[in-house]
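The structures come next, written out as structure tokens.
Both complexes shown next keep subunit A, but they swap its partner, so subunit B is in the first and subunit C is in the second.
Right, the complex of A and B next:
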């Protein structure tokens, strides 16, 4: 078990180190996140709609697009350089590789969420409610589910000649539960509603995340085997 | 199964299915009683429910054959999964067009975002992805495996769709045939018409299924024959 965890940690470390040194994905994701917020500013007539009422939906769509952009490249870099062969033939079990990619993607998307929250606060003065701990919990659980699905499918789209064009078509149908319950939960937190009103959505998000992680861990080996 | 046998089965099932659909339409237009509150629009039901049934049956077959393919790696399982998925996509399109036609009158709106409609639409899109992945995979074998993975994931939605009507209060009618507590709640003539619809659509589906399966069989034979030579366009 400890060996397994060490192997997973080694891949996570490699991925994050690459990200720190090149900043490739993070830069693109961060830029997109801010730009989407800018576009929303011009796309929505703020004389007609109070932006605060749309806050949860706007932030989630931004996270989804920003996250997808970066996660679509989860396996691209390794395929371009042929490193994927080394990774797949290494003694690390295939599910370990999947979990490592989930962890490193989770870190990236969490950073993007901080950027998104900051950008929307700066541009629109959004009020994020008075329970930051609960907000972090909901975002964390929902993000893990989002990342679990997207990581699996980025391994699929990387092996097609449509590449990242295919990714949203594959993942959006499966991510609808994250959007439904994520937006409901965060919307209520933003409105400073009592915890009881958030619990239901949080449990459903947790259930989705567990199913997505389990399915991803089991099915990943069939996607990447040579 | 030999190719000749597959073709023969497809033909027989097809003839029976088309005959069944003709009978169904005669029953729907001239025989079955008109429902009291919805009037003649309710007759769309006899096309909508059978196509929905076939869609779920087809995607169920795709998922089972896909899962079995991942396990056993028998090419025939992949042919079956692919053939069923194509049928499911077609009958799903019938379901997703006949439903709104009925709902526009019965509910006053062609579409609502209640769980069953939403999940069914999403499941249909998952299987659109199924074919996109197959078609664009750089490696054919990998394409088959990846499609099987998507088929399994898409089928996870099927039980959700079924229970969504029971769990969540919604506009979509409750089951009138598979109703655990009260048994079938349809009038006898409506039940007969519906059953003939279910039978006819199922026969047509399996006819298309076997035709498609036979085509994959043929392609496989051809590939074996031309192995070693440059592949024909």
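Right, the complex of A and C next:
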């Protein structure tokens, strides 16, 4: 493993260890995810609406809300005792810090997705189709795009007094492609449609993710440098 | 310290600030600061709040981009994000840069990995022993006293054997015992041939370990002297004159 990858792995490991010790972000994200599912359960008259048709949309909105809650605090743990200065003045390249944060956020959001799928299955009995691998692939690619954008903007918002308030306003417009192509792809997987009907959305999600990751890697430097 | 020694042999300063300027919008935090330090030299910088001392230190650490001028490490200009130069610099601040929920050992191992160190199994216990914290190795940092955390921060700053050590108000919040222990550690740094820049409000402590002193007011060095040319009373007078003269 190169020094670069070991540095990235060290930050990921530290972030996840802190999350395991504190549970701060994961508990809040998990609770919101379940609460949103509960609220939808009571807010929609299931006698009038075929819930399965809404499954992909409900799940994605829940993931975005739950994920946003935790992603907004990505750099909070680094502000404690000025640890961010320790990172920024270490020999780790700035893009390495960004990539490490993306990876640790990806792990957290993936856990939230498992919670969301379980909650919706419990409350609505959703059918998730017959291709779990394809579903995992779509969720993985879309999640990577989501956290790539959100991690960059949480670094921006961490430097403002209204960061937590501003973050959703800044981010949601940029996440429209994730919502459109993520909902389309997962909806078709839930409906057990052929792979060919999912491919188009998956490719567009992948393109969005590549662009988001590349932009984040380049722009992170300008966000944290003074 | 091969690079520092080589620089010293070549007659190059280990750390050099050349006409450093840093503006934050219309405010000039650092104004035309220049100095040269060789291996084993210790510069103490004093100044009132808002004098630009911390900005100066961040410029020297490569964590802040100068508006003009440059920092040179062994004659090579330091750029923001310069990985090689950063590996040669250790920073100790009044903030510890440590994670409260990690243990002392975990914190040091984390920073060791960031520096790409391979011998952490032996190096981390050694550094903990250097600052007398072996018995706190597995204690979460949150449970340690302020003085103990600062000693751990010293171990963190020196973990990778930096040639240049930058200290930002390291005495803040320390009791007399912890401050005395830190003072011993700073003297050991100088004796070990490290180049040190310390910014502090504490005239007595700063003067005691320094080879050279400077007083920074409104971004500029308004007074500079060698330690040998100055006693505590003289520094006190110079400080008052410098600060009041610019008030």
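Keep this in mind: the second predicted complex is superposed on the first by the 224 of 226 C-alpha atoms of A that agree within 3 Å, B and C clash if a C-alpha of one lies under 4 Å from a C-alpha of the other, contacts with A are read in each partner's own complex, and residues count from 1 in each chain.
The rule is short, and it goes like this: a residue touches a chain if its C-beta (ideal position, glycine included) is under 8 Å from a C-beta of that chain, and two chains touch if they have at least 3 such contacts.
All values derive from a computational prediction rather than experimental measurement.
A simple residue count on subunit A separates subunit B from subunit C, and the partner touching more is C.
Contacts of A:89 after superposition: subunit C is touched, whereas subunit B is not reached. In the superposition on chain A, contact is made by A:225 with both subunit B and subunit C. With both structures placed on the common chain, the touch criterion links A:6 to subunit C but leaves subunit B unconnected. Contact with subunit C, but none with subunit B, is seen for A:14 once the two complexes are overlaid on the shared chain. Contacts of A:81 after superposition on the shared chain: subunit C is touched, whereas subunit B is not.
In the overlay built on the shared chain, the residue A:196 is in contact with neither subunit B nor subunit C. Taken together, the two structures place residues 225 of subunit A in contact with subunit B in one case and with subunit C in the other. Residues of subunit A that touch subunit C in their complex: 3, 6-7, 9-11, 14, 17-18, 21-22, 77, 80-83, 85-94, 221, 225-226.
Taken together, the subunit B residues at the contact with subunit A in this complex read 70, 118, 122-123, 125-126, 128-129, 132-133, 136-139, 142-143, 145-146, 148-150, 152-153, 156. Considering their complex, residues 61-65, 80-81, 83-84, 86-87, 89, 91, 93, 95-102, 106, 110-111, 113-116, 156 of subunit C touch subunit A. Residues of subunit A touching subunit B in their complex: 152, 156-157, 159-162, 166, 169-170, 172-174, 176, 211, 215, 219, 222-223, 225.
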